[in-house]
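These are the structures, in structure tokens.
Each of the next two complexes has chain A plus one more chain, namely chain B in the first and chain C in the second.
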Partner chain A sequence: MKAALIVLLTLLPALVHAAEVRVVTTTTDLAWAAREVGGDRVSVRSLCSPTEDPHYVTPTPSLVAAVGDADLFVEIGLGLEIWTGRLLDGAGNPDVRPGGPGYVRASDGIATKERPSTLSRAGGDLHPEGNPHVWLDPVLMKIVATNVAEGLARVDPPHADAYRQRAKALGDRIDAALYGEELVALLGSALLDRLARGGTLDAYLDKELGGAPLRARLGGWLARLAPLRGRSVVYHHQSWVYFADRFGLSIAAYVESKPGVQPSAGHVARVVEIAGTAKVPVVVVSNYYDARLARSIAEDVGSRLAVVPLMTGGSEGAGDWFALMDSLVRAHTGDAP
Partner chain B sequence: MSIRSRAALVAAVVAFAGTTARASETEEKPSEEEPSEEEPSEEEPTEEEEPSEAPPRTEQDEAVRALQQELELLRLRLEALEATPVTPPPPPAAAPNVFNPRITGFIDLVGAVDVSGRNVTPSFDVRAFELDLRADIDPFAKAVVVLGFENPLLHALEHADEHEDGVDPDDADGDAQAEVAEEIAEAWLSVVEEANISFVALPAHLLLELGLVRVDFGGQNRSHLHDVPHIDYPGAMTALFGEEGWADAGVFLRYRLHNPKSLPIDFKVGVMSRGPEPLMEGRETPTPVLLGRFRGSADFGAGSLVSAGVSYSGWRDATDEPRGFDLAGGDFLLKLRPAIRGRDHSFYLQGEAYFARRVADRDSLGGFVGLGVQPARNVFLSLRADALIDDLADPEPTWGAGFAASLHTTEFLRVRLAYDLVADHGISHRFGAQVTAVFGSHPVEPYWVNR
Partner chain C sequence: MTDVAWIAAPLAGCFVAVGILGHLGLHVLRRQVIFVDLALAQIAALGATYAFYLGFPPESLAASGFSLLFCFGGAALFAATRAHESRLPQEAVIGICYVVAAAVAVLLVDLARDPHGAERIRFLLVGSIVWAKWTEVAVAAAVCGAVGAFHFVFRERFEQATADPEALRAAGASLLLWDLLFYAGFGLAITAIVRLIGVLLVFSYLIIPAAAASLFAAGPRARLLATWSIGAVVSVVGLLLGYERPPGPVIVACFGVVLAVALMARAVLDAEHRGRRAARIGGGAAALVAAAVALPMLSKPSADEHHDHDHHEHVEEDEAAATSADPLARQDAIDRLTAERSHASTAALLRLLPRETDEELRLRIAVALHHRAAPEGRAALVDLAAEAEVPFVRLSARSELDPDPAVE
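Up next, the complex of A and B:
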């Protein structure tokens, strides 16, 4: 009898929590996407804090336990979270292992950039499958949201349609924020995405409609960053290729000599020279890095230094992913919040 | 309806509307310019009434203009579609040798000098090379094999130390030197340090391990020698577990207690074949060695945690001879990691205590405390103190204290300088240097490296 009571008490919390889908994500951006798509049907926990380098999260026993209790586990993949294998192995939860219904690789379907042609540690912290910082591109974030919705649909089939609809609605909001509502209404999301992914959007916007170029109807983040289009920027770490490509920025140099490797004095001098020649308007560093080197480069070049959050919740002004993107756009343009 | 068909439809409508408009104008013109020969109707518009007919024509024109604009827009869209072919989703990324085990090599170079002239001969050599192979076996299990290759020279020197501490120091030099020479002549010692299968897809939060593992007794013993914050394991640990720590073959089952807060509370039981060498003292084990462990942990912030555990292992001889041991231990770890890199410094405090009872023999008590701090991104400083009373009936403690400074160029290469004071039948001062390199597949968890 006593044993039965203990078993019942042990299982009770699980029964109580059975009503909602427990989602565990690696990063806060994925957690945000899961909340947006899942609504009040889900409870979400991010394993990585928003000011933590997502490459180097310590797989503590608590994180193992969280994965063990999850219905859905979402990670970016692409070698960003080198620490999740240990969590999944120790979690004792076969449903959320890769191949299980509760596993989502959020980067599925994304054509990655910066796939190294030669894989060697001499190149620093390389990602064999390409750069994993996909959440910094709004177009790719829609794919992430769709992947999350499909994962939720698998583990909670009765609400599959609702998840897909919410992902679609989220995509519409992202489009409006990226292209501006007028252009979306005129051309439609599908076409804009196709142009954007194909890299032909900018040239296409020069076409005229009713005697005026389509560019005049561009709004959103693309319009705000349009003055910087073609300009060069210095970044600390190799996290920014998707953001830069989406908004037409050129990456002049990285503060790190190689990904994850502290720069030598010679490399820093080269960065200063390159940045000075390119007249970079801003040197950008994520707020989980030590900003001292980036600051000194910005001072030497006479550029602005922008210490920015890289993930949702990474600063007071980046409470959700839209706010994060807003803050990144502002950091580049120099506009006040 | 596709954009192409819609454009065609709109174009047709525009064409029709234009034709209609022109036809209407053509039909209307005679009534305006050439009065019909037919008797004008009463409703025939007069010049004064013409403005009243204008709105229908304007609406029609606007409709045509709107349709033309839509046609223009559709043409633009069509051009966009033709200019931008659909990009097929990329194929799943896969390396050519994806089914091969992930291979990691570890090179551990160690040098040491004892300024008091006891025990340690000046040296700098490769202490060990380790090869770590791991891969999923199938959806339900994964395998790990760790092969160690130990330097016979350093091994022999340790062996010589044992002789020097022996009963007859006068004869020790000759015997020890002979054995050292013999062992040096041997090839590198290859040791299977781990070879196990983990069943990772069991229900009910169970995890089953079979094979040779680093025994889950305390925290430090799970780490290989090149992974710990000092050059060697603490003296109390090596005295009870062995120079290389305690690895054993057996069956281990872990259960994580389900709880609403997802707090990690783990129970582990195991049955092993050998037991720690210093406690077994070379005896075979016709009966299995038992293991039990409980561990609880809680996070407070990213990467910061407090963890505590208790462990027990025991063995009794199946024969009537009163032989066996009980080994009990407690361990804790406090780890603080900076929330923002560059603002704070990571810190850890770790300790373990052991009590060993050898049946019909002596009882031992020992333990260690270590703390570390990260003053800069790639620099770690560690302090450690350990003590052991080998026989509680005749308490004469041996103890040691050490300091280590480690510089990481990356998480793959570490240079370490260390000093140890050892009080074991006299005081000795040891200075050591260590270079550890990791190459190949990425290590599962960088140890103490806070990037």
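Up next, the complex of A and C:
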């Protein structure tokens, strides 16, 4: 009897520990957001590795088992993870299926870009609800964090307030990194959010304050990329529309003529011509695509080639999402780390 | 860089492929080992993957070495199993080698720490004709040229090993040795060419020109010349047609058309009543083409016409939008109202001012009303200048009330 009690008492911490919320996410960026928002109340596993194309993942039994045990399942949605339907079917865990309390579509509430007006596979890999690469825009990443917090609040109601507060704190850190602390103090997060989402922030920064434009108070990633504002960049795949829009870059051309479809020689020749005319400073390719074609284009045009991680953990210098964004900003400006 | 310059390197790559693969294809067809190129390419890939698993980077010399070593191992296996062809068909051995090599490569990548390596190995081993570079073409040409020269010097022995093993044995040569040399050279050429033009094209260049040529040409020399001619013409046509499309698949499709036409022509030539057979085949082909063209036209859904909304904005609509829960929607509506200088818009702004909760949006309304000399605007600015929580709103309201403090 006494022995049993001792065993029970020794096991108790383990049992309490096991009561933490098990979160399974598709991508490492979502896993990072879940860890930031969940703190030590959650254990998080990402199904994709950060150097894997999240469009194409082969579900293994261990992935199915992980989803079967999960309290919360988080995916980007928007047709990015075309393999999760089968995975959720096989996992036998109705709580984390779409519509269940433990299901989070992290892109909910985001006004997506590039919604196709006609649907056809001829366009390459197709996202009928718009471009899914939302995690490359800090403003949208705040919405993702909020969605994750609401999901955690649903499956762990006693700590709902804590999750929401942590999401808010994370949003404040993102704001500081994006706009710089001075501008955040002056304008406040709500106003900056509204201006950024509406695409009117840049014009707003021309307003004067004490004889100098507001722009002088801008810091963070926006200030670092300000010298490139209005310049054209060549990207490999259509992963960059949110990033480019946020930082005022224009996309000169994609190395791929259609997403996921091998380019023709004519297309490549046009990309070289466009990139040469626009004097693009950099050709950017994600490290899970073949860089050869992008490299030869960069060489022909005489611009820099940047091979970058596209997801948190995708390279040594991108251990968390802030570091990932830092490395992307650096890849564009050409600054050394 | 002109468009023609882009075509030049890929075309040179295609010609290298035509030269070596046309010749090897004639052997492969007669040996009835049609899929041996896929199997050897996969075994070479397994070698590179194994090197990667051991810790060598995919681009390293070690990886290429392992690739070659595995390839020669596969060649030895194919040479050795030919003696037992009566028990186990050669084609079965080749198929089994292909799937096992592919499966083991997947497992090795899974065991290796860096899953990213899978992509890198795949990209390294399988090229694409679009980005063929002159240096790559030169390397492939050198390797294939060496293999071709070796085949030319010992053309009698290779011919005997393929078509007449008894004659080879009678001459006192070892069938095993010459089979081994054939498959080793074959593996070498395939590995070099796959890097340049990819698996799809390698298979096409190997089999289709040789097959089409075999339908018509009789002697070995005539067959080789016909094979090379077909391959060269289709390469040029395919690359030119493929300028706006992925060229590799276009070339393969062209080969398919050439072979189909060749088969029909052969069937007509073989028939007793050529006119009748020609009419029947021609009719059938025309019906197929007509169906292929007509079906998509019949099933195509009528495209939805996108009617542009009339952009007649009404003040009432904007006022309604300006009470939305989404601050961004309110901002857009308020901006439209402040831009429109009319009595109606001023009245709408006056109604909105007490309802708006966002300080910065209140500021926008207040500034607009102040500029229209409405006292409510000034009053709201005074409030905001004193009490707004957002510092910038407070400061902006102050400077709006007192544009140039220095004049005072």
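What we mean here is this: the second predicted complex is superposed on the first by the 319 of 337 C-alpha atoms of A that agree within 3 Å, B and C clash if a C-alpha of one lies under 4 Å from a C-alpha of the other, contacts with A are read in each partner's own complex, and residues count from 1 in each chain.
Here, contacts are C-beta pairs under 8 Å (C-beta built on N, C-alpha and C of every residue); 3 or more make two chains touch, one makes a residue touch a chain.
As the structure is a computational prediction, the values presented were derived from the model and not from experiment.
**Student:** With the two complexes overlaid on their shared chain, look at chain A and say whether chain B and chain C clash or fit.
**Tutor:** With chain A aligned, chain B runs into chain C, so clash.
**Student:** Where does A:Ser296 make contact in the superposed view: on chain B (first), on chain C (second), on both, or on neither?
**Tutor:** Second partner only, chain C.
**Student:** Going by the contact rule set out at the top, does A:Tyr288 touch chain B (first), chain C (second), both, or neither?
**Tutor:** Touch status of A:Tyr288: both partners.
**Student:** Would you sort A:Arg194 into first (chain B), second (chain C), both or neither based on which partner it touches?
**Tutor:** both
**Student:** In the superposed arrangement, does A:Ala169 touch chain B (first), chain C (second), both or neither?
**Tutor:** The answer is neither, since A:Ala169 touches no partner chain.
**Student:** Could you tell me if A:Ser49 is touching chain B, chain C, both of them or neither one (first, second, both, neither)?
**Tutor:** It touches chain B and chain C both.
**Student:** Does the superposition put A:Leu209 against chain B (first), chain C (second), both, or neither?
**Tutor:** In the superposed model, A:Leu209 contacts both chain B and chain C.
**Student:** Can A:Pro263 be said to touch chain B (first), chain C (second), both, or neither?
**Tutor:** The answer is second: A:Pro263 touches chain C but not chain B.
**Student:** Tell me which partner A:Ala185 touches in the superposition: chain B (first), chain C (second), both or neither.
**Tutor:** In the superposition, A:Ala185 contacts chain C only.
**Student:** Taking the stated contact definition, name every residue in chain A that is touched by chain B in one complex and by chain C in the other, in rising order.
**Tutor:** Overlap of chain B and chain C footprints on chain A: residues 49, 51-53, 186-188, 191, 194, 197-198, 200, 207, 209-210, 214, 261-262, 287-290, 292.
**Student:** Can you list the residues on chain A that touch chain C in the complex?
**Tutor:** Going through chain A, the ones touching chain C are 49, 51-53, 117-118, 185-188, 190-191, 194, 197-198, 200, 207-210, 214, 261-269, 272, 287-290, 292-293, 296, 300.
**Student:** Chain B touches which residues of chain A in the complex?
**Tutor:** Going through chain A, the ones touching chain B are 10-11, 13-14, 16-17, 48-49, 51-53, 55-66, 68-69, 78, 82-83, 85-86, 88-94, 97, 99, 108-112, 115, 121, 124-125, 128-130, 186-188, 191, 194-195, 197-198, 200, 204, 207, 209-210, 214, 260-262, 287-292.
**Student:** Going by the contact rule at the top, pick out the chain C residues touching chain A in the complex.
**Tutor:** Counting only chain C, the residues touching chain A are 1, 3, 6-7, 10, 114-116, 119, 123, 128, 130-131, 133, 239, 242-248, 303-304, 306, 327-328, 331-332, 358-360, 389-393, 395-396, 399.
**Student:** Along chain B, where are the residues that touch chain A in the complex?
**Tutor:** Those in contact with chain A are residues 69, 72-73, 76-77, 79-81, 83-87, 89-90, 92-93, 95, 139-140, 142, 198, 200-207, 254, 256-260, 262-264, 266, 295, 297-299, 301-303, 305, 307, 335, 337, 339-342, 377-378, 409-410, 412, 439, 442, 444-446, 449-451.
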